[in-house]
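These notes open a run of structures that come right after.
In the two assemblies presented below, chain A is common to both, partnered first by chain B and then by chain C.
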Partner chain A sequence: MAMAALRREGRRFLLSSNPSPVVARSAIFSEESSAPLGARGVSTQVVRNRMKSVRNIQKITKAMKMVAASKLRAVQVRTENSRGLWQPFTALLGDAPSVDVKKNVIITISSDKGLCGGINSTSVKISKSLFKVTSGPEKETKYVVLGEKGKVQLMRDSKNHIDMTISELQKNPLNFTQVSVLADDILKNVEYDALRIVYNKFQSVVQFLPTINTILSPEIVERESEAGGKLGDLDSYEIEGGETKAEILQNLAEFQFSCVLFNAALENACSELGARMSAMDSSSRNAGEMLDRLTLTYNRTRQASITTELTEIISGASALEG
Partner chain B sequence: MFRHASRLLIRAAAGEGGAHGRTAAVAASRAFSSEVPAAPVQDTAFIEAWKKVAPNIEPPKTPLEFLKPRPPTPSTIPSKLTVNFVLPYQSEISSKEVDMVIIPATTGQMGVLPGHVATIAELKPGLLSVHEGTEVTKYFVSSGFAFIHANSFTDIVAIEAVPIDRIDPDLVQKGLTEFTQKLSSATTDLEKAEAQIGVDVHSAMNAALSG
Partner chain C sequence: MSSAVPFWRAAGMTYIGYSNMVAGAVRKCLKEPYRSEAVNREKVHFTISKWSQGKPEKPSTRTDSPEE
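What follows is the complex of A and B.
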């Protein structure tokens, strides 16, 4: 975003220097009140200032890329280790994103900080489309938003449908206890038949796949298993421990939610860092290109003013002689 | 020249947000995660519903597409049990073929052999032992769940697990006395519950260490 603004400014400057040099110089002269290096210094001062700011931005974005890269290395290891966590639940209960339920809760995971490319917009887009898919007569869909960026975007048009927002999730490194407390909080405050977690799954440093993970409440699990289909053979499973099947299913649903939310939060954190790395990388590249263009303009302006001065001196001298 | 190529690639991928089938196919061939299956399974009803509402947006992925497919229930009882033991921060055992596992279910220690009936078991803090031939690996697990499938696959999901030899018996004794004391001096229900949990876990650890 900053780079786009700079590009616009640079273009504006280049356009203003295209008409005849005399006009440009007088226009620029009126901009600058002080001329510490004489008439020669004025027009180059503006370009020099711009070059300095672009160079600073390049350094900052390079540093942000390095920081994101080092953080990514640590989080990526933890994410890949946590990938085994949701697999047993999907292996047991299958995955039913097209399940037809009355109360849906869409949990959107986004980042708190910006400058991370398009991943937050992607998550919000997917959440809004999912809202449309799951809405219908007698159905109600609510949002729970994790992260500031998603909250800002969803508040704009879906303010009434947001149940809870949670921010500053990553102040301390993510760990399972924190996420299970959060999951507990969410479950206490929302009524749900199906929870759908929307997040960006980390595929590689340049690719993030938007993913939806669906968790059904115990009553819906019972209903689906009785109806047959994907969960049909759930009945064939013996229940060990606990008084009733319902109790076990309740614990199972809560545990599944914590595990899946933990994995989703880690994957999203990884995707955020990867996206920030590539965004900052392209930023520094753009800044470098811009710097090259500005340097050329600077040299041209400098040489033009030197030439003009020399020409004046020489023509004045020849006028005196001749 | 290389730089330009990689820059264009990064810009293209970042610009599209990685939600296109084309880039997905490219990425699948060089994906970091080894769990992307060869033939992704998709929920067709969901995809259709999605296309009706948002035809321009690529439908998002679901976990089924990332799950390694499992073999169906065999007709004869297999000789080995395949165990997956996962924790939030690590996959302790993944797809290892063993002879038997003993899991600490809430109803007591439960032995799982190949061909065990499909079960969902809730776990309590206790000893988990994996028997492979002559060697036995013992872990102390906090609670979790164990799913035993009909195709002799066992998934054990626990929150914490440590190998037995990393538990310090003195600290266990100290913890046990501390929590028993707290239990007797507890006033509110919450404190009683917390102290009770502490006592249970520590006595289970004690039993695991000695047994």
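What follows is the complex of A and C.
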């Protein structure tokens, strides 16, 4: 009876939650096969060990959630402040995601660490579809990947298109100097007509918008400005100093790239922390539920064996008396 | 500043590199305690590796903090 209860509960627990079914099943079933049929006193050691490990995991996930929450606060402020860096550029140059150019460089921003929900796979997925949209005959599209996790995911099927990977960006808190040195390195090493930055824009702790920002090379800006539109208004600005328009546009494009990259890296770091917070929150809740179920199983089994033993003692005693 | 442009361009610098250098010079002019605060904001650390034919080359680290 005790065995049956354990088996029933165990099976339900296995079906409902699926952490590592093979290991869990073999642990419980080997216990079952080691006890001969009709043996008294089922060992509850397995359940007890499992409870202990679940409790430890819960402790870890709770701690990770706390860490993410406290880091998030600081990064969020910086992120919101950094939005002021790219907004003037968008006001001046506009955003042209649909521009059709030969050399595209997709800059995928991801995190170095995992356990943060689906934000890395989102930006990888968006990058891949952007790759499909921008690639074609006589066109060249390359990836530049920031962060370990995006690199691992892109290596699987598009490693021939990766041009550069960058990691360990977040060892120190992100700052503009660091990102602009990085932007400098990227600009010097890739040839581009349009840079497309893919990242998760931080909306709220539970909402992230995958976003694409497009930065055009000076030549393309000039071409587009002749075609008119938002960029056509550039000529109406009065320019001080002796530089030509091409020089100014080149300086602007480079500075725009570093500003947008800085904001994108911050937004993504912020989204990462938010996603980690909610992921860790739900995993500690799941661990709690699992712990409840295991505790119930454990207590029921123990109670069942006690009841059985009591029944046997009483019936034995009454048999002696009778 | 407008007269400086052709020179740093000729030296192969980008606008970002130039403005970073200038910003570094400005930070060096600060007095303590503001100075160490500002220096903290310009720490650079990342690892970069170029890829060719689907294989990563040896990564190089750009850092200005001492190696542990």
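Basically, the second predicted complex is superposed on the first by the 279 of 322 C-alpha atoms of A that agree within 3 Å, B and C clash if a C-alpha of one lies under 4 Å from a C-alpha of the other, contacts with A are read in each partner's own complex, and residues count from 1 in each chain.
Here, a contact is a pair of C-beta atoms (placed from the backbone, for glycine too) under 8 Å apart; a residue touches a chain by one contact, two chains touch by 3 or more.
Keep in mind that what you see is a predicted model, and the values were worked out from it rather than measured.
In the superposition on chain A, A:Ala279 contacts chain B only, with no contact to chain C.
Of the two partner chains, neither chain B nor chain C is touched by A:Glu140.
Shared-chain residue A:Asn251: touches chain B and chain C both.
When the shared chain is aligned, chain B comes close enough to touch A:Thr211, but chain C does not. By the document's definition of touching, of the two partners only chain B reaches A:Ile126; chain C does not. More chain A residues lie in contact with B than with the other chain of the pair chain B and chain C.
Legend: residue contacts after superposition of the two complexes on their common chain; A:Ile239 is shown touching chain B, with no touch to chain C. Across the superposed pair, chain B and chain C both touch chain A at residues 176, 241-242, 251, 255.
Residues of chain B touching chain A in their complex: 7, 9-11, 13-15, 17-19, 23-24, 27, 30-33, 35, 43, 45-46, 49-50, 53-54, 57, 60-64, 66-68, 70, 84, 86-91, 94, 105-107, 110, 117-122, 124, 144-145, 147, 149-150, 153, 155-157, 159. Residue ranges of chain C in contact with chain A, taken from their complex: 1-3, 5, 9, 14-17, 19-20, 23-24, 41-51, 53-56, 59, 61-62, 65.
By the touch criterion stated above, chain A contacts chain C in their complex at residues 159-160, 162-169, 171-172, 175-178, 180-185, 187-189, 241-243, 247, 250-251, 254-255, 257-258.
If you check the complex, the residues on chain A that touch chain B are 78, 80-92, 94-98, 117-119, 121-122, 125-126, 129-130, 132-133, 176, 198, 201, 203-204, 206-214, 233, 236-242, 248, 251-252, 255, 259, 262, 275, 278-279, 281-282, 285.
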